[in-house]
Amino acid sequence: MESTPATATLLVSCADQSGLVAAMAGFISESNGNIVDLEQHVDNSEEAFFMRIEWELDGFSIARDQIETSLEPLLTRFDMQWSLHFSDVRPQVALFVTRDNHCLYDILSRHQSGDLQMDVPVIISNHRTLEPVAQQFGINFHHIPVTADTKPEQEHIQIALLRENNIDTIVLARYMQILSDDFVRNFPNQIINIHHSFLPAFPGARPYHSAHKRGVKIIGATSHYVTSELDEGPIITQDIIRVTHRDTVSDFIRKGKDLEKIVLTRALWRHLQRRILVYKNCTVVFA
Amino acid sequence: MESTPATATLLVSCADQSGLVAAMAGFISESNGNIVDLEQHVDNSEEAFFMRIEWELDGFSIARDQIETSLEPLLTRFDMQWSLHFSDVRPQVALFVTRDNHCLYDILSRHQSGDLQMDVPVIISNHRTLEPVAQQFGINFHHIPVTADTKPEQEHIQIALLRENNIDTIVLARYMQILSDDFVRNFPNQIINIHHSFLPAFPGARPYHSAHKRGVKIIGATSHYVTSELDEGPIITQDIIRVTHRDTVSDFIRKGKDLEKIVLTRALWRHLQRRILVYKNCTVVFA
Amino acid sequence: MESTPATATLLVSCADQSGLVAAMAGFISESNGNIVDLEQHVDNSEEAFFMRIEWELDGFSIARDQIETSLEPLLTRFDMQWSLHFSDVRPQVALFVTRDNHCLYDILSRHQSGDLQMDVPVIISNHRTLEPVAQQFGINFHHIPVTADTKPEQEHIQIALLRENNIDTIVLARYMQILSDDFVRNFPNQIINIHHSFLPAFPGARPYHSAHKRGVKIIGATSHYVTSELDEGPIITQDIIRVTHRDTVSDFIRKGKDLEKIVLTRALWRHLQRRILVYKNCTVVFA
Amino acid sequence: MESTPATATLLVSCADQSGLVAAMAGFISESNGNIVDLEQHVDNSEEAFFMRIEWELDGFSIARDQIETSLEPLLTRFDMQWSLHFSDVRPQVALFVTRDNHCLYDILSRHQSGDLQMDVPVIISNHRTLEPVAQQFGINFHHIPVTADTKPEQEHIQIALLRENNIDTIVLARYMQILSDDFVRNFPNQIINIHHSFLPAFPGARPYHSAHKRGVKIIGATSHYVTSELDEGPIITQDIIRVTHRDTVSDFIRKGKDLEKIVLTRALWRHLQRRILVYKNCTVVFA
């Protein structure tokens, strides 16, 4: 993995216009960049354009720290929103957990085996339950209990800790606290949550109980970016599993764990690959 | 198919008690009945018992028209709700349609090839669009247009037609009218609808439009028995298909047709096999 | 549907080289073409490049019949294999069937409701069973019985009929005859078959019987382009459904019908959209 | 979990005969046993009968150690194969691993959170790679390297270790050695393997490489009991995930890990619940 040649990835979105692909591909081509992946999407109803373009840095005639400046005329001309990433700059990820271990183990074992290109400087929890798991993997664990009264000050401590560790991505790996608007505003499209239902069905608390009561034949899990509206953020990925009348709420919970961990880790993988663009509370998830 | 030996199927539900299976299996066994299938389910949280028991009529020492009387002491002793069916008495099914042809073709072609053991004496529609399809398959088509004003009287005509044809099962194969409470009360747990969403997400009108706006990554379809609460009846079966940001509402509709027809026909098949029990707005669907 | 503006679609494949996307996008852009979709794929292990590019003909400064000539320098420079299609030129599709009706009904009802942009000038069958279905939809039906002895001459009749009708796509909708190498060579990557197993498991005859004997827990269906190797052609799409120990071979067959029709029609839809490229007996299926 | 009342579970199979269910249910009922679950299956083509019956030990008038003796007349009369289990006697499970950590973590974290009712006295591996994981969870790790030459003697050491620990279930959690016939004969229907393909497709080594070369659109994983025929044992459960032309062999491997761990743990869960009967190289997996 480490020996893969470094690449730059540019994510852009703007109003749809003629000549966008040609202009962007031309820019890279003219500077001897070898495009390894280009995916674009036009949303006709919104007249919006989205593109992810990835090219090899080796042989590219523009120095890394000059790319932004060189791109500027193009970005301005098309009035683009954009972000630029380098494959050898590893995302810094914080994991928030409470008591359930399945999502945490899934992410950490995937990380251990090299499937997730990131660093995990810190695990934050409102309980001590999973501290031994953090220790197993040699990761700093911070116990920051939260009550209704202490939430504002505890979130300040959390945010300070995240800033200190240069965290750019927060994963709520079954973290059972609702983040304040203020917290969320600090990390727009940087907080990934897993909700244990097929959203928008069963938002909020105890979705398996509600699903069981309704007598559904399929349960789901949804990963999404966190916004100030609870369980209303842009959906990244979803998956489902079948249930029957024989399954109790406990069975829903047991079966659901498989979904939750897999759906969350998949979303994180795509996020780390810089494959997601957010637009009007929806996501463009490039393949 | 026709040469399969005739069987009797008894569906029962009651409060959970000791000795239920032994008593029911004993009853059949003592009269030389060969049980070909027995499935039971205990809902511990509701302390409720459900059973489907199917046995061969050939060799059974009780005459068909005496089975109810013979069972009565047992049914009374356990205070059971029950229904008794014979595999060689074909259900009489009415299909309600509007303009979309996919569910209608799916049911009729399945019927033509012998996969659905039923008769279809009548197709009812509020439009003439699908009349040629009914003619293709040689089935009586009744055009009964419905407006807000005419609904009560038109439903009377529908009900009269259904009674005349001894209809015991009504399939709403993309019928775009809401049935009145009065109509529904006439056919409890006998009306099967297909809703083009993963209920309880997106009930009501235009679910694909709502799903697209919400940016879901999976769409679904749900078959359920119709009750007086719109899209709130007992769910029989559900299925899903993946969508991406590339899919427009039209793509949702196109992809969804596959789901709708398959989910509806599967539900109908189970219903015809007498494999469904309704309990507290949920279904027990025997395998 | 009919009012969608006409587009041109170019499918190309060649050895991977620098500047490919920029050159192709530049060509269209310089002639005032508005790109509505561009998807490319690089197979690194094969060092191969694939692209599908679709642009609006309205406003494009090169006349339809001049596009090939204008493209030629580019196609030559990169040594590309290519094909050019226009969205308003409808594919001419022949359906081959035997006795099973489910795939035929699925394709014809989808066609009737406008989901498949094609013409179906002819249905060919080695039995008369489905002639009434062809009549229902007003399509010419040709009964061409085939035995081991008569196959060569009957295939000549078939090929003549296909040529006469300008057929460019053949769909084997559960056609239970093996086409000769000679026949297949006449229609490279133009014949779509549905095989009722999850290939490469259970190729050849009676796959459901073999799957049942093996005790699998999932059955599948596979659509693929036909090559001279039976059931070995490039796979287009696959899908699966769960089975249990309760399912008999008849249940496999009944459940499998849903898969077969859906998987075949999906493959046909993608083919008609010119979204498939074949490479080393595999397919690139653009989204 | 621990406070659930203890139950007895009887698994039986025999030739299909009249009166089987009545006799077995009657036996339990007459001794005041409360049946909490009964599932039966008749395989008509094989004329074989299978049943799982579970009843509460509390209130049952026959002492645990007398149940076998009391059942004997019935078992003899119907010529049954049978096994009897008690829910409060925990299965003793050995895990065999090599280098991949995902199945091991999945099982151990599920075990840690109480989802798998078993003890794991020992982990055996032919490499030291996963020793730290065993230590994390406080489980004895035995490094038993195996070469072609040393296999017979090393297997003797393994078997001795398993006997010593009263192991009744062996899980090959991505153990990359083939067990000898002799080893397998010691543990009939007690060794669960995960194979990383949709069997019977791609048995043997490097299935993801073969699947990629074939251009499949879906990959799978299969859990099965190990027999002397490699990858030919009775299938317990299978699952699949979609792939596209964009996925490399590495992507297949990464995606496949999710399948492998989930399919293996599901199979183990059913095995521990005594829900599986093996018959003619197939499984009956009760719901």
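All chains are identified by letter, namely A, B, C and D, in their written order; residue positions are counted from 1 within each chain.
Keep this in mind: contacts are C-beta pairs under 8 Å (C-beta built on N, C-alpha and C of every residue); 3 or more make two chains touch, one makes a residue touch a chain.
These figures come from a predicted structure and were not determined experimentally.
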Ask   = What is the set of chains touching both subunit B and subunit C?
value = A, D
Request  = Give the label of the chain whose average Cα location is farthest from that of subunit C.
outcome  = D
Query = When the C-alpha atoms of subunit C and subunit D are each averaged to a single point, how far apart are the two points in Å?
reply = 42
Note = Expressed in whole Å, how far the mean CA point of subunit A lies from that of subunit C is 37
Key: Contacts with two or more other chains, residues of subunit D listed in rising order   = 44, 244, 246, 287
Residues of subunit C that touch subunit B when the two form their complex = 100-102, 105-106, 109-110, 112-113, 115, 136, 244, 246, 254, 257-258, 262, 265, 287
Ask   = Which of the residues in subunit B come into contact with subunit D in the complex?
value = 18-23, 25-26, 28-30, 32, 34-40, 42, 44, 242, 287
Request  = Show which residues of subunit B lie in contact with subunit A when the two form their complex.
outcome  = 41, 43-45, 198-202, 214-218, 220, 234-240, 244-246, 248, 281-285
